[in-house]
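So, here come the structures, one by one.
Each of the next two complexes has subunit A plus one more chain, namely subunit B in the first and subunit C in the second.
Up next is the complex of A and B:
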């Protein structure tokens, strides 16, 4: 299972956490498409706390974290 | 002059004399205004070795050339002095409306000299400036002080004040303006208190002249459009405020918990900007001429609305003290505004006290009379100790000295998570190497905003850097530090840098002031300012031995979370940084650097 955590306005109309069933080749792009999140709405994409590309295949048990463009100080 | 008022108010508190001087335009050309120009005045006018609480120290309230104009976010002002917390130069930055009003009244800066024999406040109504007796205000909290002065001078008047903490010379005391905006860091409130100045009330009706009205109109329109269309400044910040960073920083595993003993917590979302928006938030709030509106207004217990906590406050009182209760954090923030305390240093000092208690240095018998716990996670404690610190009561008296002096009193200064005795803010440098370098080298001590490399290393603005890599971090640190010095000196808000690049600032400055800066000359002014601050510090006795980080962050790996195992590699970064800065191995600016910068 892949746990996906969403933040800020990505939570609007969606749950904070969404679980995906693992399959060989599942990656960020697939997750975004399924959740209907346009790529330009993604600023930070982390897998187990590290930056990863949207292409890279995930492993079973990975935790994915997605932030839209936000900032602060 | 355009943008600039061209006038300085020099107030000698000892002699009770007020003078209006011309602004030194030659210095303004090279040091811009605000932070830079006031630092130049301070550098030239005081001996950097003076005791910060002595009458020889000076306190400067400085606006930038763009403060009070129609430039988006053109409302910032700064408080510059020698810090009683760090012994280094202090330059504390604030928004709200006070700075704009001061400029509109016709003044670029106020320079306070000497010490008033009894508590006073300053009343400014355009050309009419008076030193008035503050006997009826001394001892009062900030809100009441502000209310009284606004009643007397009109609701349109703006008020800057210290609370009891500054009066009692708490080294972590802040200057508060417009009820809940703060020039927070470095104990500037205590310097104001040491001069017996309780408040400044200002009403300005003169306005600010600009070089080319149509040009300014056009440039302002296009720059405001950039801010509105940028997702950070146009959507994220107004919707969630700065506390949107809570989850971002935590998910990267660099959210300091329990005085930097840990750097990740599963509880973070409870105190995030998202949760604030769904619970205590009533509306957003903007400073003077700001289209971003990152400020928060939140519900208080008796149904009142109060200024809500920023990210740093949510961290310092939240994760750093392990209290995951937004109501308690909001209340602590409220008392910081009322007593006039820096939320970062106060929360972090309470966290240090909590670790001292955890490790048995502070014992139950010692705090029995205070009637408060020092256990991590106690939500009444963060509120109660803030008030004790504001009053300098019980252990609060020692805590009012800041975490370094507190920990030193128990023989363990290494438990203070500070640099140059100023408490570190809400990012664990072990997981962000460049940002840690900025912590170690910031001219005002432990500080995040003077070179906010989190922007690049975490948020990817202007480009994404690998936070664990050391490559080019020295160059990036210098760039961010120099650019920040520019923005601070202009009188604009640092958050514009999420959307602007250097050329936007050049266009705004030249349109308003009729100057002819290029990107190169404006950034060089920033570098000049940075080096001048460094010279001040070196003369004050703050040398490269203090360009360091707490031992814990250099030697103990982050124990768990997404950045598990990381330490900060400062010794590998610092020599390169000195080189890139044109300083020698001891961190002294080389002759050729000073010559090139025409310092």
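Up next is the complex of A and C:
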């Protein structure tokens, strides 16, 4: 299983946490597509606390954390 | 002897530390939501020299959150109003208002000779160029950003490149859709000032290679490791 945690306005209309069944080749891009999150809304994509690319395959038991970009002053 | 105005600082700072602040030069880039609060707090702390960089004038839409914006300051240059305010709070502080926007061509010149830079800018491309300029001159950058109920803070030391990692190819954040209320800039600015103080005084733990992500809607504070 892969646990996905969403932050800030990515939670709007979604849950705070979503679990995905693990399968070979599952990656960040698949998760975003399934959750209907456009890539431009994603600033930080962390897997087990480390910055990872969306293409990289995930492992069973991974925890994914997704944050949108915040840029106001 | 310590001046009375700093007596209450002394429960937090030593006399030597208070003196050190008086000799410290800091740049505040942007004097809007974040920058206004930051300048106010730096002056009350006793930072001796503050360079405030902002080319804008106060508008009615700033009244909901920008601390130096009031009925009397509408239409006036933000950096000049900041100077006026600081003179009224702490005349010992030298405020140098710079009435231009930070750009690639002028960034290094503007920050040269300062001990640290506060990022209170409202544009991601400008935040990134400020990070580059700070890295080249080996000056620590204390970054803050806000959007709606949310905010973030990190302290970027030369080589960290935290903003380049966090923002990647983004040029706009969620602030365009979530706006900026009064409380989130105040929270983020306070954390930025605490980071600055620790950088100057070399004490405590700072958010180097770490991003503090603040969610005031759920009161969740996440400290995220960010490194190359």
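The definition used in the following text is that the second predicted complex is superposed on the first by the 70 of 73 C-alpha atoms of A that agree within 3 Å, B and C clash if a C-alpha of one lies under 4 Å from a C-alpha of the other, contacts with A are read in each partner's own complex, and residues count from 1 in each chain.
To be clear about the criterion, contacts are C-beta pairs under 8 Å (C-beta built on N, C-alpha and C of every residue); 3 or more make two chains touch, one makes a residue touch a chain.
Everything quoted here is computed from the prediction, not taken from an experiment.
Q: Touching A:48, do we find subunit B (first), subunit C (second), both, or neither?
A: The answer is first: A:48 touches subunit B but not subunit C.
Q: In the superposed arrangement, which partner chain does A:9 touch: subunit B (first), subunit C (second), both, or neither?
A: A:9: touches subunit B and subunit C.
Q: Between subunit B (first) and subunit C (second), which, if any, makes contact with A:73: first, second, both or neither?
A: both
Q: Could you tell me if A:65 is touching subunit B, subunit C, both of them or neither one (first, second, both, neither)?
A: After superposition on chain A, A:65 lies in contact with both partners, subunit B and subunit C.
Q: Based on the A-chain superposition described above, do subunit B and subunit C contact any of the same residues on subunit A, and if so which?
A: Common interface on subunit A, subunit B vs subunit C: 7-9, 43-44, 46, 49-51, 65, 67-73.
Q: Show which residues of subunit B lie in contact with subunit A when the two form their complex.
A: For this pair, the touching residues of subunit B are 230-233, 235-237, 239-245, 247-248, 251-253, 269, 272-274, 294, 310-312, 448-449, 452, 455, 458-461, 464, 466, 494-495, 498, 561-563.
Q: Spell out the part of subunit C that touches subunit A in their complex, as residue ranges.
A: 30, 32-35, 119-124, 127, 144-152, 165-168, 170, 172-175, 177-178, 180, 185, 211, 213, 215, 220, 222, 224-227
Q: Would you tell me which residues of subunit A are touching subunit B in their complex?
A: Touch list, subunit A to subunit B: 5, 7-9, 11, 16, 43-44, 46, 48-51, 65, 67-73.
Q: Mind listing the subunit A positions that touch subunit C in their complex?
A: 7-9, 40-41, 43-44, 46, 49-51, 65, 67-73
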